[in-house]
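First subunit A sits with subunit B, and in the next complex the same chain sits with subunit C.
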Partner chain A sequence: MLCNREHILKSTRRVSGQISILEYALLTFFVMVVIIGLIIFLSYWQVTQLGVEETRTRMDRALFLTKHFLNSQQFVKRDSMFDDGKLTALFSLPNACEELQEVFGLDWFAEIRVLDGNAPKECTWTNYPDCNYWSFCVEDKSNRSYDVPTNIYRRIGYTLTTGVLGRTDIGILRVGVYV
Partner chain B sequence: MISIYQLFKIIFGLVASGFILYFLIHYTGIYITMQEDVMRVLIIQNFRKATQDVYFTGNPINFSDFGRLDFTLYFDGQAEPPVMRSEVGEMVFLTPMFFSPSDEVFIDRNHLDHGWFKFYFVEALPEFFIIFNPLDTGLWQDTDWDLMKNITALFPSTIGRTPKVRFGFCGYPDEDNLSDTWERYDFLDSPSAVLKQSHAATTFSRCNASMSWNQRLVTISQSCLPDFITQGICIQPPDIYGIGFAYINGSDSSYMYKDSLDLVAMIIGGDERDIYGISTLGENLYEYKNKIWRERVRLASMITGRRAQLIETKLPADITELNECKTLYASLKNTLYFGPEPVYDLLSQQDYYTSHNTARDLLERLAEAKSVYQDLVNKGCEYAL
Partner chain C sequence: MSKEGLTDEVCPRKVRVAKCMQKAQTSMILIIIVIVIFGGLVVFLLGFAKTISQTEYMNLYTHNLLLTIMRIDTGYTDANCKLVSDTISCTFFAPEWRCGGDGPSCLSLANETVSNHISQFELIQKSFRYLLKVTPEGFVVRLPTGEPFEIEIGDRGLDTERIEKFTASERIQKTTTTGQYNLRVQLIIAKR
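== the complex of A and B ==
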């Protein structure tokens, strides 16, 4: 009887020891799972942020091009006021887009439209100044763009008997980047 | 006495802890490096945005974010498109910019005025000292001082701002003497400015003082040659056409200049070698200036020339008051685009800034176009820029 009791005690101690070992192993396993899960989550977050960053970079470029168009003396009379003569002189060139791409890079476009209530009429050498629309590097591709109101100085605005007066019209500038 | 079970617990705990710690420390190290790189990219992006804002608005600002981390920056203006290279890659910089890296820079806008077009550019400079050493005497002395005025006018005024850009002299009364330094207002702009003082009795010796990294020695002398100087830039005064030659310490080449911005670009770059060790930073900025100036002015000459022809043809023929305008528009269009030898064609030549004849013709055409445009403005045919 004594032997049985000792045997039972020994067995009980062995089992409880094994349970304790298992506890440790399980605890360690779960801690490792949590740490690895955290690492995977942080990595996934960084990758997602890269996608957001790419979109932000494109919009920043579109905004930069918009500001450049509104301030660049190649196109404007003064800040945010385009000169229709400059726009027409450039637009009527067959390689206007290539010329501008040398300065502004690739994959962008720009449109300027006078808000005069008429249908868009592209400005050419022959119909100037009876026109209201200029476009550069426009293609049928998906894009992200900004639309901003702007002024357009019409050099030959009003023709009088003694001279020609300029006129300022309201328009819309759209500048975008292709995605 | 320690049981086997307790021994197991100790050993297992040590192994598991060591494994977890190693993993955490290793990943943390990678994460820290990654986040530092992300911060560097953000700082360079912020700098690009700051230069763009200054370029568009003309409002100067101070930028000090480069001091937050260690940077190795190199502005490669000759790349297509121009890029800022660093340890985190490269970033495109389309804004015309003359940059000298430091923890803190002052960003300001300036321009070259051609009358019918203004070439705007941005300067991003740390605390800077431009030390002049004009060596010519007699008749050439006034030319030297005019050159100093033209160079100074293209640097920013930093009154009430930091970091400062200051100007001074070296070589008077003796070769090791560095004078006081002044900001642009006191050196050039104010009625009692240093450069407006009488200088007839002032004779400079060749400067022997050593310059620090943010000091630029600018020697002006008829005797400039590649081995004439041991530091900085040496500039020969311009000839009757407004063209001259400059030399950079450490380079055997001569660099032809036709406007003050050519010289300012070389001064800002300095005589230090670039990261590739092939050429000096001054030469790189000089090449960049000529590349970007040509791009912008060539495009502008085409647009303005064609616009002049467009308006000339569209102005009503029966209004005699407009005949003078038409004549001037005809002159402007030919000078800029339609020829003979218009600005557009001259700028289309690759050697326009290295050939004396081409540069001379170009300067003549630009002066002519400026004069014609001013006449158009005076007669009410055009608006002033």
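== the complex of A and C ==
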């Protein structure tokens, strides 16, 4: 009976030791999992924030270009009112996009459209003033853009017996950057 | 002899079991603390996550929308009705005037032109409500009932709602024989 008791005590001691080792191993494993999870999360978070920062930089540039277009004397009669004569003259230049890229940089585009309910019709000297759309540096690429309401001053607005009167129409300016 | 050299007489089995349980409980508490710290860290970091704010764009959009609407030609050539701002001004100072001689009243034309043009913008159509409000500054115009007159075109409840709104203001100046008067034009837009 004494032998049995000693045998039982030895076995119990061995099992207790094994349980303790297992306990510490499990705890260590869990802490490692948490640390690795934290590293993965922080890495993912950094990458996401870098992406957001990049997008914000692009959108800031698009907004800057929009504000510049609304006030640039190359296009407007007064702030936020485009002059259709100036737009048509600029649009008709053979290298209009390249000329504007020297001022505004690369990878952007602009569109101005009169909201007259008609389909967009590009303005050239041959169809002016029977047109309602001007575009600069438009390409088939993915982009991020801003739309802003604007006025377009039509130099030949109303044709009366007494003469020709200008007319201010409503339109939309879209300025974007390519991604 | 048990592991700690304790016999059942010195340290009863119940006490040894209790010690084991205490140790297990301590480990569990440690694990829970680590989980809570990790979760707290995640929430803290997410609070500093950068997002793209559209406030500057929306302010620019609202201001330009108001400016654009005020400057539109209505199609009439008489001075009281040529631009939308003229018709709004005419509503206060010459309410009996008919545009084009026998056409609509200034208020009716202003209402129609503003509503039609603002609703042409996709952003407004799809996502935003608007209210155009015109109030006299420094003087009062009264209706025959005695109530003060002001123009409101759009969603009238927007003015008093406590939600995120974007507001733009402009002023229309009118010089008459009795002096110079100002009308305050306010455009408020808010998400649907």
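Simple rule for what comes next: the second predicted complex is superposed on the first by the 145 of 179 C-alpha atoms of A that agree within 3 Å, B and C clash if a C-alpha of one lies under 4 Å from a C-alpha of the other, contacts with A are read in each partner's own complex, and residues count from 1 in each chain.
Criterion: contacts are C-beta pairs under 8 Å (C-beta built on N, C-alpha and C of every residue); 3 or more make two chains touch, one makes a residue touch a chain.
Since the model is a prediction, treat every value here as computed from it, not as a measurement.
*Asks:* Mind working out whether A:Ile21 is in touch with subunit B, subunit C, both or neither, as first, second, both or neither?
*Replies:* The answer is first: A:Ile21 touches subunit B but not subunit C.
*Asks:* Output check: A:Glu99 vs subunit B and subunit C. Expected answer is one of first, second, both, neither. What do you get?
*Replies:* A:Glu99 sits against subunit B, while subunit C stays out of touch.
*Asks:* With both complexes overlaid on chain A, does A:Lys67 touch subunit B (first), subunit C (second), both or neither?
*Replies:* A:Lys67 contacts both subunit B and subunit C.
*Asks:* Per the contact definition in the header, classify A:Val31: touching subunit B only (first), subunit C only (second), both, or neither.
*Replies:* Touch partners of A:Val31: subunit B and subunit C.
*Asks:* A:Gly85 in the overlay: touching subunit B, subunit C, both, or neither? Say first, second, both or neither.
*Replies:* first
*Asks:* Is A:Thr12 touching the first partner subunit B, the second partner subunit C, both, or neither of them?
*Replies:* In the superposition, A:Thr12 touches subunit C alone.
*Asks:* Just to be sure I follow: which residues of subunit A are touched by subunit B in one complex and then by subunit C in the other one?
*Replies:* 17, 31, 42, 67
*Asks:* Under the stated contact criterion, what part of subunit C meets subunit A in this complex?
*Replies:* Residues of subunit C touching subunit A: 1-3, 23-24, 27, 30-31, 34-35, 38, 41-42, 45, 49-52, 56-57, 60-61, 64-65, 67-69, 71-73, 77, 83, 117, 120-123.
*Asks:* Provide the residue numbers of subunit A that touch subunit C in the complex, in ascending order.
*Replies:* Interface residues on subunit A, with respect to subunit C: 9, 12-13, 16-17, 23, 27, 30-31, 34, 37-38, 41-42, 45, 48-49, 52-53, 55-56, 59, 63, 66-67, 70, 80-81, 115, 146-151, 157-158, 160, 165, 167-170, 172.
*Asks:* For subunit A, which residues are in contact with subunit B within the complex?
*Replies:* Where subunit A meets subunit B, its residues are 17, 20-21, 24-25, 28, 31-32, 35, 39, 42, 46, 60, 64, 67-68, 71, 73-75, 77, 83, 85-86, 88-90, 92-93, 99-100, 102-105, 125, 128-129, 155-156, 159, 161-164.
*Asks:* Under the touch definition given earlier, write down the residues of subunit B that touch subunit A in their complex.
*Replies:* 5, 8-9, 12-13, 16, 20, 23-24, 27, 31, 34, 45, 49, 52, 55-56, 81, 92, 94, 117-118, 120, 295-296, 299-300, 302-307, 309-311, 314-316, 319, 321-322, 383, 385
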